[in-house]
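Here come two complexes built around chain A, the first alongside chain B, the second alongside chain C.
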Partner chain A sequence: MRETLRTRLGWLHGWFGYGAGLVLTCIFATGSVAVFNMEITRWMQPEVRLSAPVPPSPPALDAAAHLVAAGQARGVSAFIALPSARSPTLDVLHYNGHEFVGTRLDPATGTVIPARVTAGGGLFYNFHHTLFLGPQAGTIIVNIAGMILLVAIISGVVIHLHALVPDIILLRLSAARLRAWLDAHLLMGVLFLPFMVMMAYTGVLVKADMIVPVAPRPAARSVQVPALPPAPIPDMTRVQLAPLLAQARASLAGQEPGFILFAPQRVSIFAGDASSAFLTRDHADFSLPEGRPLPVDATATSIARTMQLMHGLHYARFAPPGLRWLYFLSGLCGTAVMASGLVLFVMKRRCHAGHRWAHRLADGLNVTVIAGLPASMLAFLEGNRLLPASLTGREDWETGIFFTVWALCASHALFNALRVQAHHAWRVQLGLVGLLGTSLPVLDLLCSPAAFHALPGLHMAVDGMGSVAAIVALYARHRLGRQGA
Partner chain B sequence: MTFVLLLALWLGAFMNHAALWPARYGLPAPGPTGQRLARMLRLGLPTGALGLAVGVQGPVTGLLSWFAALSFAGLLAASLLALRGRMANRP
Partner chain C sequence: MQMRRINEPVPRTRPSDRLAHTTRLNRNRVACAVVACLLAYGVARLLVAGIAAGSTTTDRVHLGQMIALFGLPVMVVFGFGAWKRHAGLLMVGTCGGLAASLILFAA
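Our next item is the complex of A and B:
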């Protein structure tokens, strides 16, 4: 066969796409779900039944400051997250190495809400950007996968260039199976190209400093500076946060305050991420313990403004609920593009390489990613309802359930695939997704009827997504049964 | 509501696109006037949708909605045409 640019790019698209596609499918699937990370956390804490945010009262802010001070005395660096439309509680949070966890307070009274400890939607968010491999190694792997996605997209566009516009909405359901899968891959790949390019490009850019570290500027003089003794932490229980919040609201020019961070010498009140598409992190600083306003340099260069927009577009925290749903659905369609690519890669090579162990391994990995991951995500949600609310180290148990179920799915898929029984693995795991998805609303209604009654929209949305996943999985299982291996 | 309008405009544009490639999509070939009209609408409807999106929702949210409407209207158009083709092929 004559080597042309298209055949070479076809090889690149296939092999690079498959190698990174296994990881990227997981990244895209968890990223799509992470669009609703705060809503999922609310679903996973049925004890929190506040429906609308109220401005935090002075006693509530004082109670939160007391908790921050108590945390600092224990060596835990916490901050205050103010109530917002997505999370109506007043939260005192700290980073536990994977997620932001902490105490939730009623913003009106300042009383602690006895909510169960949970990994929450933060698990999906953390998995999306670090694969749970730690902030350094994980982010680098995800960033490299993002760059490979851009290469795969460009090579895919060049391969398909001659038919890109004419075939933009071509889908032949009655054609041969391979052709129909290819049509579905191309259809969604082309239609969701703008979304996938935007997410891959902004995703790579916002974490670019992890793979391209900023070169340190050479010091003008090599002077040994003696280490300063740590600054004493002021008594934060004497700081009145309510007047500072009012001043910050006035100085943030139209942006609603979102977070209160504490440093030894000052308190910083940051604008909420929902304020604008530009994730500015504008803030008002006050000295501690007097509460005197400190000067803040709010000028941003054009590069900084561009990066703020890149962050804003990727995290979508500014997005109203409707746009957030579009992000979620587009993310799922992007996941479907990658999943169909994985299936196509194996299908195309089945005739001449189906007997090889590497091909069977690829088949097993496809089952692990496409059916095993949703099963483990649903098991994670169900684990939240089944684990005792007062269990110590609850968030670790939930995370353990997620990874244990996924590992079991992977073992089952690989064991069957290597025995040329991948078809059986598909059927069993799609059935498992169906079972877990249909039982999710039932379990939610049985375990948390009061929360369901208090927040029906939230619970119906999460339970409904589980049910939709179940319907899709059971339909795929039904089709698989009709068509054979 | 704006998104539903954007979706409808993009759906119209895709249907006009399909009409311009009748052999590919199994549609009856339009006459010369129909072709001219379809070509105009294929360009005009998305342009109108872009103006509507940016005008109502602002540049960032508007552009995001416009692209999302492109994607979902394309899926809808492809599904409708595929179902139509399947019905037509039924004995």
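Our next item is the complex of A and C:
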């Protein structure tokens, strides 16, 4: 075989793409869903039926400050999330190691809404950026996968450079199966190339310090400084947040306040992430307990602004609902590019390597990622409706359902694939996605009809996405059954 | 070297030869990919350190990271793709030398 640039980069694209593609498909799928993380959390808390945000009243802010003080007394560092268009409640949240969880208050009255504890959309968000492997190891793995995605994209563009424009309009579904899969991979790959490059580059840049950290500077002198005693926490119940919020709104110049964070000596009111495409995190600081404004340096250089834009583009928290849907659909198409690449990789090698155990393992892993992951995501949503609302450690149960269903799907897929019955595993797991997806709206209507009536748009969107997943899975199952493995 | 006439049939290679050739090719590719990745990563780190050298603000660090993360995948593809006489790897190594000189100039 003659070695050319195309054959060489084709090898790189195939092997790097497959190796990282298994992880990247999961990252892209959960990231696409995480675009609606707050909406999914609202869907998973049907007790919260507020539809439009109202500005928080002074009693509600005081109630929130009391909860923060109570949390600090227990050693929990909490903050206040102000009502927004995406989450109309006044939340007192803390980080539990995986997600932000806490109490939801009615912003008008300050009464606690007895909402069920849930992992919510935060599970998808956390899985997207750490794979649930912890903030250090998980983030590094995700970053390396993101970098390999960029390598695969560049090598893919080079090997298809001569046919980049014709590939935009070429889809031959009635051609041979390998050709049809390749057409689908190329069509979506070319159309969503800018989106995938943008998401991969900004995603890697968000955590750049972990992948290309600057070398640590040598310490000027190694003088042992005695540890200072912890600063006394001021009495939060005496702090009047409403006037501070009004002052912060004036000083944040057009940006709506989003979070209130507390430190021993000061309170910081941060601009909400939805304020602009630049994730500025501008803030107004006040001393505690007097509430005196503190000087803040709000100047940002052009490089800092560029970094803020990169963060903003990746998180898409500025995006209105229409743009958010575009992000979601583009993310799903990016997932489809990777999933079709995984299938192509195995199909191309079936003739000469189909008998090898490694090939069967790859087939099983494909089923686990492409059919098992959606099944576990749907099971997670259904678990939210089926678990008792007052169950202790509910969010851990929900997370457990997600991973247990996925592990079962993986075991089933690998067991069947290693027995050369991957076709059976595909059919069963696609059928499972169909079953779970079609039963999601029914379960939602049966378990929380009041929430469905209060927020029909939200519930129809989430249930509808489940139904669409079911239709796609059942169609794929139908095609698989007709054409064989 | 003996020339082959143009109308002469191509000599058939034995399957065992073909297998050995493919194995050797794959081994070389894996080795080249590993070297390209490690070299490109080293150059990216040097770029960040070189651009940030002599500055106390985080702006230069961010600029270095933007450039390094843009260049890293390009360097991997180039280092692996331009395999004739290891031109790609040499080019990436040269970039590393330039990045290292940035640090030396700043010191």
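Convention: the second predicted complex is superposed on the first by the 477 of 485 C-alpha atoms of A that agree within 3 Å, B and C clash if a C-alpha of one lies under 4 Å from a C-alpha of the other, contacts with A are read in each partner's own complex, and residues count from 1 in each chain.
The rule we apply is simple: contacts are C-beta pairs under 8 Å (C-beta built on N, C-alpha and C of every residue); 3 or more make two chains touch, one makes a residue touch a chain.
Here the structure is a predicted model, which is why all the values come from computation and not from measurement.
J.: Could you tell me whether chain B and chain C fit or clash when both sit on chain A in the superposition?
T.: Pair status: fit.
J.: Of the two partner chains, chain B (first) and chain C (second), which one does A:I211 touch, if any: first, second, both, or neither?
T.: second
J.: I'd like to know which partner A:L9 touches here: chain B for first, chain C for second, both or neither.
T.: second
J.: Taking the superposition as given, does A:A413 touch the first partner, chain B, the second, chain C, both, or neither?
T.: neither
J.: Please indicate which partner A:V158 is in contact with in the superposed arrangement: first for chain B, second for chain C, both, or neither.
T.: After superposing on A, A:V158 lies in contact with chain C but is clear of chain B.
J.: First (chain B), second (chain C), both or neither: which does A:A319 touch?
T.: The answer is first: A:A319 touches chain B but not chain C.
J.: Given the touch rule stated above, what does A:F195 touch, chain B (first), chain C (second), both, or neither?
T.: first
J.: Under the superposition described above, what is the C-alpha centre angle at chain A formed with chain B and chain C, rounded in steps of 10 degrees?
T.: 70
J.: Kindly classify A:I260 by the partners it touches after superposition: chain B alone (first), chain C alone (second), both, or neither?
T.: neither
J.: Looking at the superposed set of three chains, what is the minimum CA distance between chain B and chain C in Å?
T.: Minimum C-alpha separation, chain B to chain C, in the superposed model is 19 Å.
J.: Considering each complex separately, which residues of chain A are in contact with chain B in the first and with chain C in the second?
T.: Touching chain B in the first complex and chain C in the second, no residue of chain A appears in both lists.
J.: Which chain A residues qualify as touching chain B in the complex?
T.: Listed in rising order, the residues of chain A that touch chain B are 166-174, 187-188, 190-192, 194-195, 277, 309, 312-313, 319-320, 322-323, 326, 329-330, 333.
J.: Quick check: in the complex, which residue numbers of chain C touch chain A?
T.: Chain C residues touching chain A: 21-22, 25, 29, 33, 44-45, 48-49, 52, 58-66, 68-70, 72-74, 76-77, 80-83.
J.: Which residues of chain A touch chain C once you look at their complex with the stated criterion?
T.: By the definition above, chain A touches chain C via 1, 3, 5, 8-9, 11-12, 15-16, 147, 150-151, 153-155, 158, 201, 204-205, 208-209, 211-215, 301, 303-304, 306-307, 310.
J.: Using the touch definition from the top, list the residues of chain B that touch chain A in their complex.
T.: 3, 14, 17-18, 21, 24-25, 60-61, 64-65, 67-68, 70-72, 74-75, 77-79, 81-83, 85-86, 89
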